Each structure stands twice: as C-alpha cells, then as structure tokens.
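Two complexes follow with chain A in common, the first pairing it with chain B and the second with chain C.
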Partner chain A sequence: MGHQPNINDMLLEVKNISLSFGGVKVLSDISFDIKRNEIRAIIGPNGAGKSSMLNIINGFYHPQQGEIWFNGHKRVSEKPFKIARQGIARTFQNIALFKGMSTLDNLMTGRITKMNTNIFWQALWKGPAEREEIQHRERVEQIIDFLKIQSIRKTPVGRLPYGMQKRVELGRALAAEAKLLLLDEPMAGMNLEEKQDMCRFILDVNDEFDTTIALIEHDMGVVMDLSDRVVVLDYGRKLADGTPDEVRNNQTVIDAYLGVVHD
Partner chain B sequence: MSLELLNTLEVILNGLMTGVMYSLVALGFVLIFKASGVFNYAQGVMCLFAALTLVGFQTGQIPFAHLINVIFGTEYHHWSSDITGGMNSFLAIVLTVIVMIGFAYIVERFLLRHLVNQAPIILFMATIGLAFFMEGFGDLMWGANIKPLDLGIPSGGSFWWEEVTRTWATADSKYIGMYIDVLDVWAAVIAVLLVIVLTLFSQFTKTGRALRAVADDHQAALTVGISLRTIWVIVWSIAGIVALVAGIMWGSKSGVQFSLSLIALKALPVLILGGFTSIPGAIVGGLIIGVGEKLFEFWIGPMVGGATENWFAYVLALFFLMFRPQGLYGEKIIERV
Partner chain C sequence: MFYRESGDFKATYNKDQQIFTIALDRWFVILFVAFAFLVVPFLINDYWEKSVLVPVLVWSIAALGLNILVGYCGQLSLGTGGFMAVGAYASYKLTTAFPELNMFIVVLLSGGITAFVGILFGLPSLRIKGFYLAVATLASQFFLVWLFNKVPWFYNYSASGMIIAPERFVFGIAITGPNAPPWATYLFCLTIVVVFALIAKNLTRGRIGRSWMAIRDMDIAAEIIGVSPLYAKLSAFAVSSFYIGVAGALFFSVYLGAAEPTEAFGIDKSFLVLFMIIIGGLGTIFGSFIGAAFMTLMPVLFKNIMVGGLGWPTDLVAHLILILIGGLIMFFLIVEPHGLAQLWRIAKEKLRLWPFPH
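The block that comes next holds the complex of A and B.
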C-alpha cells in the first residue's frame, strides 16, 4: 500500500463531467477526486468510459459539461501538450512509444517539458544547451537505474519485447516528473512475473518520488492490492467510490461488474 | 587508362553531381513527410519562391512593384536607382531565410492548423493548392521574367581537373581531360554539409528529438508536452531553407524561372527509390538516379536515339515500385492481422 494520503489535500477534482460523441453518451455526470500521494484506481467493464476519463484529464477530449480542478486551480480547456507542461504525464493502453528511437532518447523526450534552452543555443550546441543536456541526462540515468533497463539503453524500442516496452513507457512518463501520473492498463498483456515487477515499480514510484497515480486496470487482484481508493464506472455512470474493501462489498458493484452471485 | 574507361568515369562523376542536386530537392520532401505525413507538392515551388526572393533582395527589386504601379500609376521597380547595386549577397540570404520562416508560420497558421486529423490525401490536395498559390504569388511579388542568379559561386569547367585527368590517358592519345562544373562540386559540398548539420541537429538536440518524436507518433508526442504547431513551423522552416539551398544551386545553373519548380517532379522517382521517410534514402536515391540516367544515356542512349534522361528516372522508379515499394531505406509496413 502506498503513502497514507494527506486528507483533504486534493490534487485533482473532476466535477460533473459529461462527455458525448455525437449522440453517444460516453460519460454522464461523473465526479471524483484524487488526493495527493494516493494511488487511485478507475475500474469498470469494457466500454465503461475509463479511458475516456483519462483522455479528458490529459486533454485529448474536452467534455461538454463539467469542471476539472488541478492543483487548486480550475482548468480551462487546454491542448494536451500544455496540460503535460502543467504536470500530468500518462501511458497508453496500447503502448505509444517513439518506436524508431532508442530507450534513452524516449526517456529524454519525456523531459522536454523541463528543458528550456532555445533553438539557437541548441543549434550551436555548446554552452547552455550542452549543460542542460548533461543535467537532464543524469536524471534520466537515475530513472534507467530505477527501472533496471540499463541493458536496453541504446536499443530502438520497437525491437523490445512487449513487457519491456511497457516499462520504457512508464520510464518516459516518470522522466517528466509529473505531479499526476495516469497509467492506462499498465499490466495488460503481461505475464505474472512482469506484473509483479510492474506493481513493485508503481508502489516505489508512489513512495520514492511522491507521485500521485491514477490507474486503469482489469486485474482485480492488482487493483485491490495497489490502490488506496477505487472508483467504479459502468456505462458512463459512477457506480461506487471508496476504499478497495468498500468497493468489494458494494452490492451494486458486485451485481454490475464482479457478477451476480447465484444461489 | 583507356579512353572508354575515362569517358565512363566522367559520366559517372557528372551523374553523381547531378544526383546531389536531385537529393537536395528530395530532402525537403522527406523532412516534411516524416514530421507530418504530408507529401508536400509545393516543395518545388518553394525552391522557386526562395530563389525568386533571393534574387529580388539581391538586385534590389521592390516587392509587388507591378501591383503598386498598376494601382497608383507609379513607375517603381528597384529601390536603388542603380539596378546592379542591390543588397549584399549574404544579407540577402539571411533575409530570404527569414522570409521562408515567415512562410512556414503562415502555412501552419492558415493551412495545417485547420486540417489536423484529416486524411493524408486531403493534406496532399491542400499542398497542391498551396503550390498554385505560391506560383502566382511569387510572380506577383517579383515578376515572371527569367532572372540570372549570381552569388559569386564559381562556375564553369575546372581546368585543374582537366589537367590532372589528361595525364591519366596514354600519352599519345588526344584525350583533352575530364569536364566537371565547379558549381556542381560546390553544390555537392554544400549538400553534404547540410545533411551533416541536419543529422547532428536531429540526433543531439532537444528540438531534434522532438522532431523525431513527432515523426514517430503524434499522440505520444502531445502527451510528453510537445506542441505539434511549433514543430510544424520548425519543419516547414527547415524545408524552406533546404528549398532555398536547392533554389540557389539550380538557379545559379539555369537561371531563376518557372521550370525550377518542375525539378520537384524529378524528386519523385528519387523518393520512390530511397523511401519517403529516410534522409539517407533521399541522398542515395538521388545519386543512383543521377548516375543511372547519365550512364543509360551514355551507353544505351545512342541506340534508341537519345533523350533518355527525360524518362529513365521514372521507368527505374516504376521497377522499384514493383519489387520494393517501400524504397531502399523506407519503413516496411507490416499489417498484423
């Protein structure tokens, strides 16, 4: 289990969000919050609107209704790259790495929000640009050590096995040193050993880097073990919200998601 | 060395030089295609426009002089009374670079921004429109007459090389030495420098990495905080500068005129050979086409009545499409079922 979150200290608040594509209602009137330093899971069956929720937080989708408060400020509708600069990093369900680039370059790209020498210094290479590169390279090397991916530093990520790619993608998100880390099914398609590794990393990230994490996951065992609080979505509605135990014992959730018990 | 061999060598050498010029144009295409998946039909016209602008600045022309004269009944042409006394060449190049960067910004602002997430064919059509617009706009701005471009780059046959190669032949032959245009050598050197600089920039700088990231995956690039708009402006600016270099070289060779924009058509087979997504591919493809068409003309040309250079590149590209559609260095797309 992660840090004991500081009560009443919200990093992100989602208020009355509704999203529809044309006539299809994807999310209706969803509200929940994420406290600083907690691991928050979003669960629900396929098509429940979990990924859409993440896409809203990250700025890919703009909801028709509702407000998002991040870090104490109400957020106006923004482009994803600006939201990334505010401190939200994410991974994707079907890995979105820069496949032609090496692990190192992928991680360095993750630090782009932290680098600010202008293009003319970069073109010259010497001076501020070089210093900045070295400084950020050190940080990236720490992440490489942390994730134990030293051996694939120079390998183009397109050639790596699936589990490793997932790990590099996590690394790229970590490199951004975001306040909020969104993980969309970080363990999908992994074997048991890889899942255990990934769980370890998620807990350590939460612990050592004080990062707040919101994750979507289908493996209930993992969700119940990892998360501090769970929000359950189904067909775009919120079914339940609470600690893993509360959610596990919630009758609506059992009926809708975990399956009705037949006597 | 026998005469036959020397002649062949000369043909190959000149083919390589021409090839470099093709590569320069192809390079502009590859840059934009990689970063935005757009086949930029306007690349050739960008060469023309850049060269026109450069000549205009250098000779001290007043932009839109014809338009101004028609509207106000004036007789302006050049801002200095002395026609030859325009601007320092270096200053003119710097100003043209600034114009090309401004152009990149305008293209992003008024074209690309509104076509985000559209199918590639839509973007392609838009660049065709852009090509026609720029053609007319360039004429309106600087006039449609053929202009000589002289930046002081040496040109003409190299006597030194003629002397050197003359000694390669047997003493009693009447071999007069190999011909090579100094301008072509300069073009080759500049092209090589340009490729080295571009490669270093894209490999070792933050913006270079961002460029490669966008080329690889738009969505992922957005989530790490890269602004697509900024990247597109940068890419189109670089393509504009490459177009300027190509425009300078071709313009110095054959004058700045409309036909300059047609070299874009020669870049097509180069891209098919080298692959649309590869910078080394553009170079190698250009060299193969350059040497190939010259050798073909030299060996087979006489048998079929000559003028094979007009079609050889396209036929070669056609064969490539049959056997290696992704090009020499292109990414092979494997669809998983």
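The block that comes next holds the complex of A and C.
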C-alpha cells in the first residue's frame, strides 16, 4: 500500500459527534477513525445508532455537534450527492436498489459521479456521450464478472431474489470506485453459502481495489474474521474500540452486548 | 422462429447499447419510417392529414414529453395543457413578430421558451412529491390558461381574444395557414417527431435517463449515490416541457390554425396526454407512440363505424365514444397496468420462442 507522505494515515476521522432527533439522543460524543485500506467494523445492539453513524458519514444526517475529517480535510456540511463525489459509496440496510432498472443500469448509475458529458452531447449520443458510455460500461462489466452476476445483467432487479439483490447493491456501490465504502449489514438475511460469498467479495474488494471499508454487521463470527478493528456502540455511546481480540475480551462489551447475543 | 435474437450476438458494448438490439426490430422500424417519409406523402389527402396523421404525430410529441417527466422521472404533472398553451402562444408571438422566420426555428424556440417556463413551475418538485406536486402542477395549468386569457399582449390585442396562425413557410412551402398542402404539414410534423423520438431515446438510455429513473425508483438512495436531485428533476421538467411546448406550437399553428386558450388547452388536454402514457406504457418511448395513436384513433374509428357504417346520429355517437373510451381505459388499467407497450413486449417474448414454447 503506497502511503503518500503528506496525507495522514487516517482516511476518515469522526470527532465528538452528537446527533439527536427532537429530544431523542441517538449518538453522544462519538469519536473514532478509519485507517486507509482497513476493514473497520461497527457493531452494537439494535438501535445503537450504527446506521445513523453511516448516515452522518455520507451526509444524509447532520449532527448537532462534532467534526468529520475525510481524506485529510475537515468536511463542511454538504449535500449527500456532493459527498458521494468526494469518494464515499454505500449500501443500505434495507435494499435500496432502483427496482425498475436492470442490474446493468443499476451499476451504471453507480458510476454517475464519474460521468459528465453534458445533456446536448447525450441528446446526440454519437461522439463523447457514446464514448463515455462504453468506457464506463467496460468498468461495470469487470465488476459484473467479479461478482459473478453476468447472467442477470439485463434482468430488472425487482425480479431478483433477495440475496442477489444484496449482491447487485454491492456492485452498485463498487461501481463508484469510492475511497470509502460503507456497508450496512451486507449479509443480513442471507444463508450460510451466500454469506461466505459476500465475505469473499468484501475481502477481495479490500485487497484488490485497495478500498477502505466500514462494515456494520450483527454476525460476530463474520465481524471477527473480516475486520481489522472494531468499534462498539451501545445506545449512542461508544463502548469499546480496538482489534477484534481486544473487543472480544473487553468486559463492558461482554456484559452489554456479546454476552447477551452470542456464545 | 423467424423472430429471434439467438444467433444475433453482440461482440461489442457499442452494439449491445444500440436502440433496437434485435436485428428484425431494427429493420422493421427502418422500413416503417422509410414508408412514412417516402410513400405516405404521395397518398395523403385532407382527411388523413387532419383526422389521423397530424394529430397522432402532434400528440406523440406531447406524450413523449410527459412520459419523460412522469414515466422516467416519476414526477406527476397535470399541467400539460398549460405548457402546450405556452408553446402555442410562443409560436404565435414569434410568427407574428418575425414573419420571415423559418417554421422549424419557430417551433424549436417555442419549445425552448416552454422549457424555461417548465423549469420555473418545476421548482416546487424540489420540495414536494407525488399527490401534492400534482396539485401544484394543476395550479400552473389554471394559472397559465388564465394568463393567456387575461393579458391582451399574448393575443396581440385581437378583438375576439383568439389567436390565428398566419401563413408561414419552410423553404418557400406553406406549413401553416389554410393553404398549407397536407403532405407538407405532415412531413413537417413527421420530421420533428422522428428527430425528437431519437433524442428522447438517447437521453433516456444514457446518464441523464438513469438519473431520472433513479430519482423515480428511490430518490433518497439516488441522492446518496451521487445523483443531484435538483439537476435530475429540473432537467426532466425542462426536457419534458420542451417537448410539450413543441407539441403545443404544432397543435396550434399546424393543426388547429386558430385557438382560444380555455377551449384548446384546458385541463382535459392534461388528462388526455396522461391517459396516453398510462395506456401506452409509463417509462417507454414506444409506449408514448402507441398511447397517442390509441387515444387519437379510437374515437375516429368508432365514429367511422357508428356514424359511417351504422348510420347512428352523431351526438349519440359522440357520447357513446366517451363511454367506450372510458371503459377501455379501465379495462387496460386492470388487465395490463404497464400499458400496451408491455403487452407488445410479452407478445414478442412469446413469439421469440414460437413454435417451441419450451
């Protein structure tokens, strides 16, 4: 991994974030960071505020307090689509595919941040618009091959089974070639075999594309296997932060979370 | 087994992205368009021009425009009649102010002006959705018609309040006014329709079309993956209004020849075009055409059968037609909510397998 000397090791730093809706405090004073090229898990019981944290990172929620530093810069409050353009892509806890479009079109839409021929060239099609389309199609086809979804390329995603939809959604996020990939429970509701495939994909993405990943997952086995470091949230507070082993042996975590749910 | 895609492999992404991926489709459409351009002008007469061909062409453009907004971008609009009026009055002001202007340019400029108005009335879509947006566009419908009735500048202070299309030309051939030959008005409209159908196809198969559909299918996810809702929605309003403005300009100057806003561009026109795209198929270019043809030709067909064939009184038939069309719309909505285009697609899928269904 070629680290540039001037940019610091952290791709993302979350500093003292507090978020509330009305009177309800969802996150209070949360800080953690994500190193370049690591897989960072965020775990915690239902309602702990994990998804809300991702929503803050990609600009959909605006915290009342705290700072986000991305890629060495303090981030100003921006619209989500602008933050996507800075290099943050994500998948959703409840599948949020474009149901009326084919797998291919969903993935092509994932590359929207990288396409820019104007509307007049697009109306003409021949020329820059077509060239751009083909160039991005080639990249998307690589992702289709990587995820082994060649056979459903032209299928409207609404017709696909649940596990496949999750995979297509991962593909759409990959298509963005983002610096930071946020995965919100990518394996929820999958059977064992599908989970193994998904783990494989996540590890390969991390290795082959040098993508930094933030992962929310409830399956502790998966979390311990995949992640480099884990942050544990519990009702809006940060309980623990460290390597899987450190977190596993942390007494507060055992009491609050692991002890109840697992083993 | 003649209609097939097997053996028709695509070696490049370029080929896979063309408009008609199946060779037979492509040839059929090319032949059809060639027939429309090269043969029909020699056969056309006044009746076919005024009752069948020109109205189908004009309504096709309006349906294409509304389909871009509603079918592709998911923004429901009931302002079509009002936007057609903008196109019509723009073309009236342009033809009277600049008599020398080529009609093609008049029509394009009218579309451009309507696009601008469309963006203005599209602004509420950034804040409100669905039913509420429909009501906002309904307000624009009534406001625009009211405006064209109220401000005499729009109808050049004519005593009747009507606008009448003066005789105007393209390359020396009259396109508007009572002396325009049927083949000329037909070819004029056909050219515009073919060009704009191609443009609609190009826009919808590329980045902008995908950003429209993304907003339609799931607007929050779309924004989070990088679609700018402002750009996607306003560009849909602009393109859609451009088409509807062009349709309005043609409807008034080429088809009607004279118009009065309440009568020609009322709310019934907004619903007519909406029915066209629902029956034809939301979110398909082809559906816009069959929807427009269906809604324009059904009344003509029924009238020919009942008045011409059976000799029933005209006023009775007029009411019967309304009932029949209403019934047909309900029938289609129940049997095939995705419209005639979907029925056609299913038929093709069957045909592709025929005669061996497995």
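The rule we apply is simple: the second predicted complex is superposed on the first by the 251 of 263 C-alpha atoms of A that agree within 3 Å, B and C clash if a C-alpha of one lies under 4 Å from a C-alpha of the other, contacts with A are read in each partner's own complex, and residues count from 1 in each chain.
To be clear about the criterion, a residue touches a chain if its C-beta (ideal position, glycine included) is under 8 Å from a C-beta of that chain, and two chains touch if they have at least 3 such contacts.
Bear in mind that the values here come from a model prediction, so they are computed numbers and not experimental data.
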Superposed partners chain B and chain C on chain A - clash or fit: clash
First, second, both or neither for A:Arg85, with chain B first and chain C second: both
First (chain B), second (chain C), both or neither touched by A:Pro186: neither
Partner chain(s) touched by A:Gly171 [first = chain B, second = chain C, both, neither]: neither
Which of chain B and chain C A:Pro244 touches, first, second, both or neither: neither
Chain B versus chain C as contact partner of A:Arg137, first or second or both or neither: second
Intersection of the chain A residues that touch chain B with those that touch chain C: 58, 60, 79-81, 84-85, 89-90, 92, 96-101, 105, 108-110, 112-113, 115, 117, 119, 122-123, 125, 129, 132-133, 172, 176
Partner chain B, residues of chain A touching it in the complex: 58, 60, 79-82, 84-85, 89-90, 92, 96-101, 105, 108-110, 112-113, 115, 117, 119, 122-123, 125, 129, 132-133, 172, 176
Partner chain C, residues of chain A touching it in the complex: 58, 60, 79-81, 84-85, 89-90, 92, 96-101, 105, 108-110, 112-113, 115, 117, 119, 122-125, 129-130, 132-134, 137-138, 141, 172-173, 176
Chain A-facing residues of chain C, complex: 13-14, 17, 199, 202-203, 205-208, 210-211, 213-214, 216-218, 220-229, 235, 239, 283
Chain A partner contacts - residues on chain B that touch it in the complex: 200-201, 204-210, 212-213, 215-217, 219-228, 234
